[in-house]
Amino acid sequence: VPDRVRRALSRPVIDHRGPEFSTLALDVLSGLKRLLGTAQPVAIYPSSGTGAWEAALANTLVPGETVLLCRNGHFATLWGALAERYGLRVERLEGDWRRPPDPDEVEKILRLDDAGAIKAVLLIHNETSTGVTADVCAVRRAVDAARHGALLLVDVISSLGSTWCEHDGWGADVTIGASQKGLMLPPGIGVNVIGPRALERSRAIRCRSGYWAWEAYVEANATGFFPYTPATSLLFGLQEALAMLREEGLDNVFDRHWRHASATRRAVEAWGLEVFCEDEAAFSPSLTAVLVPGTPGADELRRAALEQLNMPLGVGFGEFADRIFRIGHLGDLNDLMLCGVLAGVELSLARSGMAFNRGGVQAALDHLSHWSTVGSVARPSKQSAANSAAPKSPVQRE
Amino acid sequence: VPDRVRRALSRPVIDHRGPEFSTLALDVLSGLKRLLGTAQPVAIYPSSGTGAWEAALANTLVPGETVLLCRNGHFATLWGALAERYGLRVERLEGDWRRPPDPDEVEKILRLDDAGAIKAVLLIHNETSTGVTADVCAVRRAVDAARHGALLLVDVISSLGSTWCEHDGWGADVTIGASQKGLMLPPGIGVNVIGPRALERSRAIRCRSGYWAWEAYVEANATGFFPYTPATSLLFGLQEALAMLREEGLDNVFDRHWRHASATRRAVEAWGLEVFCEDEAAFSPSLTAVLVPGTPGADELRRAALEQLNMPLGVGFGEFADRIFRIGHLGDLNDLMLCGVLAGVELSLARSGMAFNRGGVQAALDHLSHWSTVGSVARPSKQSAANSAAPKSPVQRE
Amino acid sequence: VPDRVRRALSRPVIDHRGPEFSTLALDVLSGLKRLLGTAQPVAIYPSSGTGAWEAALANTLVPGETVLLCRNGHFATLWGALAERYGLRVERLEGDWRRPPDPDEVEKILRLDDAGAIKAVLLIHNETSTGVTADVCAVRRAVDAARHGALLLVDVISSLGSTWCEHDGWGADVTIGASQKGLMLPPGIGVNVIGPRALERSRAIRCRSGYWAWEAYVEANATGFFPYTPATSLLFGLQEALAMLREEGLDNVFDRHWRHASATRRAVEAWGLEVFCEDEAAFSPSLTAVLVPGTPGADELRRAALEQLNMPLGVGFGEFADRIFRIGHLGDLNDLMLCGVLAGVELSLARSGMAFNRGGVQAALDHLSHWSTVGSVARPSKQSAANSAAPKSPVQRE
Amino acid sequence: VPDRVRRALSRPVIDHRGPEFSTLALDVLSGLKRLLGTAQPVAIYPSSGTGAWEAALANTLVPGETVLLCRNGHFATLWGALAERYGLRVERLEGDWRRPPDPDEVEKILRLDDAGAIKAVLLIHNETSTGVTADVCAVRRAVDAARHGALLLVDVISSLGSTWCEHDGWGADVTIGASQKGLMLPPGIGVNVIGPRALERSRAIRCRSGYWAWEAYVEANATGFFPYTPATSLLFGLQEALAMLREEGLDNVFDRHWRHASATRRAVEAWGLEVFCEDEAAFSPSLTAVLVPGTPGADELRRAALEQLNMPLGVGFGEFADRIFRIGHLGDLNDLMLCGVLAGVELSLARSGMAFNRGGVQAALDHLSHWSTVGSVARPSKQSAANSAAPKSPVQRE
């Protein structure tokens, strides 16, 4: 959490029924929409990301209905469990965790669903457990190609603020975000972008939860007054974080993330380790999962990093628990801080006794240096949703 | 929000899976339990108070079931609406808004419910819209006297931190709190105390919401690790607020609130206005609603206070909208600040053109002065739940 | 120290040789000059007010020279001691501490000083120990009438930010300020306004202190780069405090102080106590010293206020030590806070056992109420230096 | 400035005449003494380091007297200018800026001063412009060997908090510090340690400056009440900074600085550049000055670092202006941040077009890795004053 944001968090709380609050809320909503690539209403909940998942489900689905879950990682698994708890039948498209969800498989399953039993497709844009990103546009096209009416629910919790999220451009029906990753805030805010078809469904089913119900939030988008007591201090922080992103320029912010992601992969290669994601076009802009050879495992590395450098490295999940460590490169990170992080990893690799080659930091640094010298480096067109065949976002970004 | 708490809010966020977080969480839980008078598990949600209401309903009730709502004010009305949205049948015990809910009526209704259709009684301890407090112990005794199995769900959102809340001593089944009133925090944290019968019910019905589900939080009470991403910065603030309450001593904190409430009533009387609450034993420790005679109404007064002094006065609700204004005297308020608040009301009364007698501030001050000179003033025994016939809390308070 | 200022104090420190610092410094200088009523250079020292006194002496006077000190209070006494320590001969014009310095006496003394031995007149604008303000314009006219070349050194440490300070309009040669009173900052910044005759003298004598030497600061007024390491975080705070004054408008700020000072006097009268200042035209805008009758003395009152209410009341000095207490009403104080302060005094009067009449707070409140109702109340023309015969300030105030 | 310290800076200001202040002041004084290796009184001024220089001169020397200045860098030059401005005759021992002051030369000059004209030796412990440290003990022994009575005034402004400063152990007479370097504070506090011989001199000459005069501060060391208004918020920050140093342990803090300094030198060597300091035993623990070959010069490098990375690199001075850049490695810096800083330098070297070899960061990292693996690396005994022949400090360090 950057210093500017933390200072904003400590501002005196204002009356959430007064005009000052309305100005704050409208400013935050407008900034969030720009970041989410949408002109649709946005609900801002005092909640975690899990709450934002539940809000999306509760507003669009009725217990007993079926959803198709693209299960390519641990967080998809959790979302599926939440959906089942809510009473949904969860059909899982089991994917290779080292690759993005396969749009062709989605299309195939939907084509087979003549009866239209599947009411929604649940897709995670940036799977935090694996560092693999999904091609949302391709999944959208798959649904369209199958001429299937399922809603498309997209989780951008760990990509929002790190790369282009294009709710309108993607043709998503609900986009789900949270405050604690690329938005550089403490946890406590969940977000739903409410597309027109999703809103229609929501009105039809009128969900049992008054807390998650979109309708009052849709009104709030016009007035700036929230249905229930909002988490005002987090909104102050969010306003500041959005201002920081705007000042740097989204293009620059996302370019920076891409640069850091690619530099991190150079480091991993130089260490002689393996990037978990096997599809180059699907590399995550915000984190890199690394596969370690054997003994000692990733837990030993994490222990060394935490004890010696007070640096937490992300854990692995499921069958990869001790085989993966994850390097986060998101939020308010500059080139120097990235080199610091990679230096920390290299120090910990040495300390943990793992077999590796020195020189990862230098490889990353040379890459950054090259980038800085030539100005920029071509990035895969997949990173920009605007290049896809999906309808372009009507939203103007600065 | 006191300065100390605001500085705590701006601390760097820590890893919510690390040992430092666990220490924080266990400390916060232990402090909250002391304040809530309970040894039972407590769930701490990233949510507003509305979310905490919903959590209590979702964990203990199934759509289609019936609840008895003691409707003595605006917030009770809102809670009832939320319950209906959730699918419950809401039987409303319509009370006089100027008096507390009538335990005899509760008993009567429950006695008539031979079939046990009523699954829960919904009670607001301190109705923020009216400044009237309910006698929770008496309602508990009414339920017991009717030999009825309904759960007792008690909202202490605006009394927590301002007076004794005795979940165990009251014999409540669920106690519902939030961060933004007497806990002196920004909004964003909702709380449920989970009594054993409520927990049992919760396990039986296994609610559809994974977000509100108590079971994972029950485990968190032992380990200090939360099921989903917690609102860490608010927890830092909560820890600091609990420390402030502990340092002052709960007895002193509650005595101070009682002193301020009674001084405020002296001011209202001196102004020749009427305290909305007609039952002396039910005066709220945290706010006083005042009835104004006629023209100009309370809205004009509020306008004057806001424009001239930037002092928001609480609005009236329902039929009393323009007839009531509310003075808050809760949180980190000392005698001087209370006199400042009352001075602001008196300045605004004059400015608004309302008929009133000068001298309210002086009357309050004389009361405070007397109190300060004699050391303390006897307060109604009703303020202390420990005096009731209900089972005493086993929790040691310092 | 207001919350906004405190948050500014915690900003990350910037390089004091970089362009960002220059922008900050020039902004602060421009705001300070507006507040000080001057177009002359201003030196901003990392120092206390004592340091700013010493800076003024060291730049304009050589040990062995004579100064005329208007000694009407404790702080004048301290300044005199500092001047003697510096090696100056201090001629003391012993004034009645309950009245302002007498310009006729100043004129008389200077007329007798044919030889021009007296090199400077030392005058405190607002004597913090007594709550009496000097008529700077009248003293200026007295010096001029005596056709004497002495420099006029004016201390505005406790009036700056509370009333008009008009270095240029007054015809002062050096004006001396500090951060911790009306500027609403923590201590740590001292200020000198450097008039042209004083600057000339400074160049001629070239003071021995490199730290206080004005010349480098005169350059800094053009470039925004300070000669030595500046107290950057305090400058951040000063920038914010100046912004607050500008936003409220100096007219409104000073009107507010005058309103609070006059309300405080109503309270003192109602208590049956005596305002120490006997000259109505010389009442301080920022504090009121009150004379107490006898036993118990002011110390007992202060003890009660501190122990019971944690409210420090200003001590008395010299022969009045136990006979005076002082009420500060400066800085970021609104009507409500003033009533709170006065309530605290009234509570402490009662607690201390002092003989007094109740009703002081109400008298102040009625005065504020009248003021607020009629819009404003005429204030003595003496408050505005622009009414004097002295040369008008060329500086535009907004 | 670390986050903890910045939050401390924003605490509400307390009454500097109350008991809370006294506790604060005594705690700060005790921590400072531990850090300065002394049991003598310490004066804490609201001032910059320049003010602390002036305070040391003004208390011990009278205009017209002679001092011997070891001039081995830019800051020594500035101190000399300040001394001359104060009226002292400054005899300059012109040293090689790439090496520490030569104790033998000091001894030689003092031996020649039969008349005892030289009243003080002015020595900078860690010359910030060059990254060369003086051997204070050796200079002390030189003075003693010459049987000369000159006082030894030592500036530790940029070494305090980064390495052992042993006022008592060194046998210094005055030790001069400031807040903005190793103490991790914003500028605004100057420090003098007052040895017994210096204090005696101070009493004899009774300096003209009341602001700098030690005597009142000597009393303050017993009571915790400061003679003039102190910079309270900076004292809050200082208290927190001292707590951080204590928690890490001085041994660990200084070891960390030494590790970072040696890693930085590995980077410089790997880049094929030259460390400015030619005497290995005199390497600075807190900064490294680097000599660049020719065209483009250091200014071009600094421009690249500032524009591209917002990273200020220290300027060169005098004849080395465009030939030197300086890397700071002091304060709250961990291994990761150091690698980040060095990465920034390497990126800027590439960007500036300077001839250099890649691999500096990796060399530093390998050094850190080795250090971390073997636990520690022997450091030159010169770093520890305790190894010298000088009298051991009686102060217990934890």
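Note that the chains are named A, B, C and D in the order they appear, and that numbering of residues resets to 1 at the start of each chain.
Definition applied: a contact is a pair of C-beta atoms (placed from the backbone, for glycine too) under 8 Å apart; a residue touches a chain by one contact, two chains touch by 3 or more.
Source: prediction; values computed, not measured.
Trainee: Of the chain pairs B-C and A-C, which one is connected by the greater count of C-beta contacts?
Mentor: Counting C-beta pairs in contact, B-C comes out ahead.
Trainee: Scan C-D, B-C or B-D for the interface that duplicates A-D, counting it as a duplicate when over half of the contact pairs agree by residue number.
Mentor: Comparing each option in C-D, B-C or B-D with A-D, the repeat is B-C.
Trainee: Averaging only over C-alpha atoms, locate the centres of chain A and chain B and give their separation in whole Å.
Mentor: Spacing between the chain centres: roughly 37 Å.
Trainee: Suppose each chain is reduced to the average of its Cα coordinates; what separation in Å results between chain B and chain C?
Mentor: Result: the chain centres lie 47 Å from each other.
Trainee: Please tell me the distance, in whole Å, between the geometric centres of chain A and chain C computed from their C-alpha atoms.
Mentor: Distance between chain centres: 56 Å.
Trainee: When you check chain A against every other chain, which residues touch at least two of them?
Mentor: 3, 6-7, 10-12
Trainee: Quick check: in the complex, which residue numbers of chain C touch chain B?
Mentor: Spelled out, the residues of chain C in touch with chain B are 3, 6, 308-311, 334-341, 343-344, 346-347, 350-351, 358-359, 361-362, 365-366, 368-369, 372-373.
Trainee: Taking the complex as given, what residues does chain B use to touch chain D?
Mentor: Residues of chain B touching chain D: 3, 7, 10-12.
Trainee: Under the touch definition given earlier, write down the residues of chain A that touch chain B in their complex.
Mentor: 1, 6-7, 9-13, 15-18, 45-51, 54, 58, 63, 81-82, 85-87, 178, 180, 186-188, 208-211, 213, 228-234, 306, 312, 315
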